[in-house]
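Next come two complexes, and both contain chain A; in the first it sits with chain B, in the second with chain C.
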Partner chain A sequence: MASRLLWASKAASYLKISTFNRGFASVVKDLKYAESHEWVKVKGNSATVGITDHAQDHLGDVVYVELPEVGATVTQGSSFGAVESVKATSDINSPVSGKVVEVNEELSSSPGLVNGSPYENGWIIKVEISDTNEVSSLMDCEQYSKFCEEEDNH
Partner chain B sequence: MRIPRNLEVWRLGTVNYLKALKLQEKLASDRKINKITDTLLSLQHPPTYTLGKRRTDYNLLVPESELKNMGAELHYTQRGGDITFHGPHQAILYPIISLRDIGLGARKYVENLESTMIELSSLYGVKAHGQRKCETGVWVGDRKIGAIGVRISTGITSHGLAFNIDPDLTFFKHIVPCGIADKDVTSLRRETDLVLPDDEVIQEQLVSCFARLFGYNDIIWKDKNVIEIDD
Partner chain C sequence: MATRQVARAGPPLMNIVKMKGVPILQQLEVEECLLRTSSENWCIINDGTDKPNIVMGISGKPAELVEIRPVLEDKIPVIRRFTGGGTVIVDHGTIFVSFICNKDDVADVQPYPRPIMSWSSLLYSQVFQGIADFRLRENDYVFGHRKFGGNAQSITKNRWIHHTSFLWDYEARNMSYLKLPKRAPEYRLARDHLDFICPMKDYLSRSDFITRTIDAAESHFSVESTEFEAVKPPSNMKFTPTSRLLTNQELEAAGNTSI
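And now, the complex of A and B:
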């Protein structure tokens, strides 16, 4: 199921079409997820962070992304920036602690990438992780899918 | 079985903008640690212009010094949205609520805020609408009657909505309201033929619409003087 979702989201992303009708939001295998709906891709000490498909769908069209400075410190669970959509600014929290080594400058001119490609071109920051143990406290894609389901069924 | 949800409403009268902001920050951090329940501030402001996180001050058409002469303040905030004006006879609601507890995202939350003002308008026979693509807010035809600007931090909301009961609309001439140049601003007074009751009555009705739309079971009303709440 998860790999079919992965294919669908990759295909949609490649074709630059918005994914299917929201019976469920897409998740990507091999990423880790925070309860505040951010994802992180970890490779050794390097991490790429963004917000999930569920998050972007619930936010609406993103018109502005507030990015941190390169070199800034981020802490797991704390805010590092914000997005604006439908006249609402929503904080984005970091799933990992460390130092910001790169920010996605594209988002300044194309904030909509967060909606259209939340797992790929819409990445937000890259972090040099200070404590790789923290990653184990995050959810995998199955746990996150279940978490989203429970949240949406309030 | 759903746990009954209560909304505590603070009727604050007219409050200086920064005082209200400080109060919201305190309440939001209390709400985050579950020290308080969902709380809604119902108030008005003295003449105040505010900007959102994007700092779109190019939409202020007069120099800041002139605002002082008019008796108005200017404040930069962390809320979403563009420049707007708040003043007497404009009903303000600042909900400090946990969106996570009710499973709402920003988009649905803002839609509900729009619906709150649409419902209130309909009580006076005014057909308002919201959810216009790219133009969040509440409109009667092409005229804007209600504005929204919200902040969500760790799933807790602050700032909120502003509904024009009968404010002095000339104040809006000094800005490009909400960054929209070609549309007018209006008020309930302008749009309805009915005689309006006191602001307090309308503000209470607005709160009731909010509570109903957000599914609260009970409203606990509290009348508070902001000076008393200061630390």
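And now, the complex of A and C:
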């Protein structure tokens, strides 16, 4: 048990994943988070967007991802696509405004990547950001973790 | 906007819309419009639709779900709807009940598929109390081990819809238009349609079911009746529904790739 925990914490440190007590979803440092449970990785004017571990855990097995067209405009807080899980379609909302420059085509054949690798291989779109100031309105990983904890305890 | 900032006395308001025989595509368009453009809560009840239609979920592939040749020969419309979930064939024997809610007005229900599904099963437990062995089983409503109601949802940032097609009665021959789906609930156990489903008419009348459903809604909300004409989107509304009828060309192409 102790060696498993040691391995887990070393792996978490390497991957820059914060793992909290069992029952809490993982978050990644250096990403920003929206209240609607999307994450964004910002590098200059480029952004990569996906849904969080908290979201995929609550949604269940994703069986389909509706992707936007490359070139589509996205607006912070507005829906750009959807995931299907259980019997539901759930909107995916963009944490940033801009233009879609790439979509993760792998999700068409492997929608489960959203569950299995929400922060890595399960990324959904890449965006050329139109207003980098918008990023400051998003939560950091600690704020987002607290937000999720409060939401689940509500 | 100002009224929503005042502390509300009493349960949230829900508008009940009762209709009969409205075409299912029109019902779906109205529902999606209300979900995306309204800020109120709605319960839509459609007592039977006008003619048989096949309705698939958002990701449904006709080649996998539908017997293409007989559907084309018999000119059965095939619709892809805006919510998730499986494939049904609906007609005048189907009763539709849809709840469209602000997540904040059902605040003890997290806006995710499973909590919403659980909430719905509690509501329908009230409807069928003392009448039948009702249960939610793997996202279906069942009496015993037979399905009589299928569910689907769509969840946006602040609102959600949970809608159900209830088999009050059905024509056995219509079920032959549907294939056994790849994604079927475990409790189905590879039963064909007629061994898997059961009609609600064996348990209660259409009017009793509708009355009991409205009564159950009243225990959660303050209900008011609204006419269907009042909720139809105006012609100048800039909203494009995503539910649509598949074309014959699309069905024929699916038939050519059918496994």
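One rule holds for everything that comes next: the second predicted complex is superposed on the first by the 132 of 154 C-alpha atoms of A that agree within 3 Å, B and C clash if a C-alpha of one lies under 4 Å from a C-alpha of the other, contacts with A are read in each partner's own complex, and residues count from 1 in each chain.
In this section, a contact is a pair of C-beta atoms (placed from the backbone, for glycine too) under 8 Å apart; a residue touches a chain by one contact, two chains touch by 3 or more.
Owing to the predicted nature of the structure, the values given are computational and were not obtained by experimental measurement.
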item	value
Room on chain A for both chain B and chain C (clash or fit)	clash
Contacts of A:36 with chain B and chain C, given as first, second, both or neither	both
Chain B versus chain C as contact partner of A:153, first or second or both or neither	first
First (chain B), second (chain C), both or neither touched by A:79	both
Which of chain B and chain C A:87 touches, first, second, both or neither	both
Footprint overlap on chain A, where chain B in one structure and chain C in the other make contact	36, 58-60, 64, 66, 79, 82, 84-91, 93, 151-152, 154
Chain C-facing residues of chain A, complex	36, 58-60, 63-64, 66, 77, 79, 82, 84-91, 93, 151-152, 154
Contact set on chain A toward chain B in their complex	36, 55, 57-61, 64, 66, 79, 82, 84-91, 93, 151-154
Residue ranges of chain B in contact with chain A within the complex	52-54, 78-81, 100-110, 134, 136-137, 148-155
Interfacial residue positions of chain C with respect to chain A in the complex	57-59, 82-86, 107, 110, 112-114, 116-117, 139, 151-157, 183
